[in-house]
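The same chain A turns up in both complexes below, where it pairs with chain B and then with chain C.
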Partner chain A sequence: MSTYSDASGAIMPLPKIRRATGFGGVVPALAFVGIFFVAPVAILLLRSVLEPVPGLGNYAQLIGSATYLKIFANTFIVSGFVTAISLAIGFPVAWALAIMPGRLSSVIFAILLLSMWTNLLARTYAWMVLLQRTGLINKMLMGMGLIDQPLALVNNLTGVTIGMTYIMLPFIILPLYGVIKKIDPSTLQAAALCGANRWQCLTRVLLPLAMPGMAAGALMVFVMSLGYFVTPSLLGGTANMMLAELIAQFVQSLVNWGMGGAAALVLLVVTLSLYAVQLRFFGNQNPGRR
Partner chain B sequence: MKTTFAFAAVAAFMAVSAPAHADSMVFSSWGGTTQDAQKAAWASPFTEKTGITVVQDGPTDYGKLKAMVEAGEVNWDVVDVEGDYAAQAGKNGQLEKLDFSVIDKSKLDPRFVTDYSVGSFYYSFVIGCNADAVKACPKTWADLFDTAKFPGKRTFYKWSAPGVIEAALLADGVPADKLYPLDLDRAFKKLDTIKSDIIWWSGGAQSQQLLASAEAPFGSVWNGRMTALAATGIKVETSWEQNITAADALVVPKGAPNAEAAMKFIALATSAEPQAALAKATGYAPINIDSAKLMDPETAKTLPDQQTASQVNADMNYWAENRDAIGEKWYAWQAK
Partner chain C sequence: MLLNFDRLGWWKYVLLAITLLTAAFLLLPIVFIAALSFGSSQWLIFPPPGWTLQWYSELFADPRWVESALTSFKIAVIVTILSVLLGLVTSFGLVRGSFMFRDALKALFLTPMILPVVVLAVALYAFFLRIGLGGTLTGFVISHLVLALPFSILSISSALEGFDKSIEDAAVLCGASPLEAKIRVTLPAISHGLFSAAVFSFLTSWDEVVVAIFMSSPTLQTLPVKVWATLRQDLTPVVAAASTLLILLTIILMALVAVVRKVLKQ
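Coming up: the complex of A and B.
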């Protein structure tokens, strides 16, 4: 029997917690999911097929218009870019954090978290000021004589990618760190002893072991990017408008909830499918437990 | 102990979320310096006079407004909206009719009065320019579309709203009294000629930032933003040539819990003195025709209502009717 000692040091039996069994036990959880998740989505679905006229007109319009298809394409291209670059930058950072002495890594974590908690709008405006043609980066490069014409770093895909990657980095570093930290360093030693060179250690041992963390982080960044609003709106041009901005236009400005609902539902379906794929391939791979 | 705390929390929550009583009402606007000015010029004297507290909320969001009215759970009493939206929402039955036995409309600029709305303040799209950053400032819409004479980036309002399409047509030589119905194809063709030189602004602060940093040294901006920019010491030039006016409007959502207080609030907000005070603070023009007399001539000179000689009125009713169609074409063109 499990026990614990109370304040006076006496050994007490642990109070028994009765596990809720049967249907009755899951009712509160089901109600919660129903009210906060299923109902809003159902309303969204209903709106998208009932407004402004009943039928699948909104979906036909979404799929039939070159503009909306381009916005879908933009959304996936930008999210893909951001995810790939975040992974490429985030992996070495997570690795360095995992093998660093504890004190130093906690300082770097603090910096990471602080940047995450700083107001998003302020950070986006800061990038705007840095990246614009008359901004710090262009002025510096021109002052050093590296370029004679300012680079177009903002109001285009470059600006969106830089701004969003910066904001997404913590979301990939944190899960990756968790996974890499759990990898036993002796597996790498063992690989080296068996004759693996550095490259083989990385590609055949470290990367496969870190794969679940990479998949989880990449999925999180990709899905968050799909629905991102503020940064693309401020750092992007109009030629690479993303889906979230279109939805905001439908809902807030044009007050066309049918189209907004249809677009939001497409986004939701894509997101859930991606999640299903991730579960299918990485869902039960957990380095600690097999 | 825990139970007591929970009860207290629930009670507190209910007190906060209970519908406002007649001794308080909710005003929603767009935030920022404009709402600060509305609070000082309208809400404070209103509370002083009537004892009714005005709770500030915002930013105004048409989706939210529609949701409130549909759900019958309205918690805004007076809302500051754009003129074309007011015309549309009034027609769609989402607004209360205004009580003109409480609101005196005889002194209000009739351009901005409908059954469901009265003007809040009125603004102009003007040609703003950072004079320190360029050799010469564009004076007309044609200048602003002339990249040979005025090379460099120019900034325009990003959203589908009165302003940019009108400017393009005026630049292309359409006479001001022949603007409506808008020839969208012609406007987009004209806009195509400068598309790669446009940096879009999506909010007033961004337009100021673009002008001040000379990222886009000139463009079409709200006149009040130029007043604010000049106050920071930047050498700006504003051209009022064919300035395009539109107005914000004050409306009462259908089913507003304190409609009676709302009418009184609107009556005060649109009266001469508070309108003058708001104009002084924001650089936007009063919609009460008696307000100009209450301001010093120097301030009055800088407001859109003194620029009527070369003024072009955006047709809010036309926009209200064609909002969706224009919006669709607008975003399709932008995304190309």
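Coming up: the complex of A and C.
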């Protein structure tokens, strides 16, 4: 092996110069992803500054219009609600799953996976029927005497929030389960020995230890919610559009590629920067399906 | 104490109640749709006045439903084959190779997983309009493959990372050609990764809606697109029947995965 002397005179091995190997294997995938993923997305984004006239006009129009700002607000508010509710339900469930007897927890895991893998449209359709004015949920609430008039649960943001929370729950429960499972029970025993009561153990030991997992899971649910298309467009009304549907509408009905590209870039930038935050602070978590 | 189920005291029952309610919440739509698909009410009243197979016979009697299901299946099978083959070659390059930007390339290959699908759908729609692939089978296959490939690369790479290459080298030392050693030693050893790659790819393509909406044409649509288009008009129980069949296929595939995992572990 060749060597050299560093400043202090010690003999150091020369850094090995290695020939690139195995690159041939990734060439087909690189070509495929380059042509059918990178190029189309890049062209779409380019069109946002080139059409109809070069410049930032599309972006000015996007920010300057109350209609579009309301759509951005809808998107962020719904995603925020979905994230908060998923977290509030998901934490106790993940906690229970982590400490439950094996048989019961495996049944619940099976249900989680089943719902996660069940066709998205099938599940959204179910909520469209369940939540309609004459649907099961309204009938049950009226039967219990909780309400006199059927509630408007669908074709509005309430419907979107219910349907989206349903879809996101497994995505927050599974990573949280992993985090809580890894917490050493002796830390809680130590806290109890030092005189902490149950509530203090929860708020000062368990929650802080689970916090990185909660933050990472919440961020992931939030990002996924921002870009959702199917559920918001079926469960939300035409008056309560969300960002993904706006992009689709610019392109499909209005054939306005400039505005479509601009809205897509906004969604892309928010999504990727939130993922960057996640990678920076919480390491690599499994991204879920859409 | 908080991490010991039996010593939680009354908190145990609170946790248990939340968990069981959540499980019921997750299960409700799935069971509900399956029940509705056999219900005799046109207006989706629950509980239904009677039971019938009418919606299934309507589903199978309509050539457009049958055709869209066949289209979905055809596309999913082609995507699965291509995704596993491409994923295999790529994984060998990524795991065994050593070249500049290897990690960056792997990240690039996985990006379609995290990108909002609607952005990809719109971008590919524009691109395919230009090059004449819009509304074609090839267009469907390519767009579904973009989404399926990351799952395939992820499954096969992790299987390959867990395989000790010296076993393959030993086969070469014993006289096998490098290719023969890969096919007869390495491939069987990573078969669980190939299997997951195939199942994930199939389900990704089979369930894909957003991209498919943009790829479809009046003459060529997949089952989810047909469901989508029908849902925009009315909530007919025929959709419940189609949805139940979609759910059934998912359950069968999940059971298959569980069985194969068990067999491969032995």
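We adopt the following convention: the second predicted complex is superposed on the first by the 231 of 290 C-alpha atoms of A that agree within 3 Å, B and C clash if a C-alpha of one lies under 4 Å from a C-alpha of the other, contacts with A are read in each partner's own complex, and residues count from 1 in each chain.
To be clear about the criterion, contacts are C-beta pairs under 8 Å (C-beta built on N, C-alpha and C of every residue); 3 or more make two chains touch, one makes a residue touch a chain.
Computed from a predicted structure; not experimentally measured.
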item	value
Contacts of A:46 with chain B and chain C, given as first, second, both or neither	neither
First, second, both or neither for A:93, with chain B first and chain C second	second
Chain C versus chain B, contacts on chain A by residue	C
Which of chain B and chain C A:133 touches, first, second, both or neither	first
Contacts of A:257 with chain B and chain C, given as first, second, both or neither	both
Touching partner for A:65 - first (chain B), second (chain C), both, neither	first
Partner chain in contact with A:155 - chain B first, chain C second, else both or neither	first
Touched partner set for A:189, first chain B, second chain C, both or neither	second
Touched partner set for A:244, first chain B, second chain C, both or neither	second
First (chain B), second (chain C), both or neither touched by A:234	both
Doubly contacted chain A residues - partners chain C and chain B	125, 128-129, 132, 134, 234, 251-252, 257, 260
Chain A-touching residues of chain C, taken from the complex the two chains share	1-5, 8-9, 11, 14-16, 18-19, 22-23, 25-30, 32-33, 36, 43-46, 86-87, 89-94, 96-100, 105, 108-127, 142-143, 145-146, 149, 153, 203-204, 207, 209-210, 213-214, 224, 227-228, 231, 235, 239-240, 243-244, 246-247, 250-251, 253-254
Of all residues in chain B, those that touch chain A in their complex	61-63, 66, 153, 158-160, 199-200, 202, 206, 209, 213-215, 323-324, 327, 331-332, 334-336
Residue ranges of chain A in contact with chain B within the complex	65-67, 70-71, 74, 125, 128-129, 132-135, 155, 233-234, 237-239, 241, 246, 249, 251-257, 260
Touch list for chain A against partner chain C, complex	18, 20-30, 32-33, 36-41, 43-44, 47, 89, 92-93, 95-101, 107-108, 111-115, 117-123, 125-130, 132, 134, 136, 166, 169-170, 180, 183, 185, 188-189, 192, 198, 201-202, 205-206, 223, 226-230, 234, 244, 247-248, 251-252, 257, 260, 264, 267-268, 271, 275, 287, 289-290
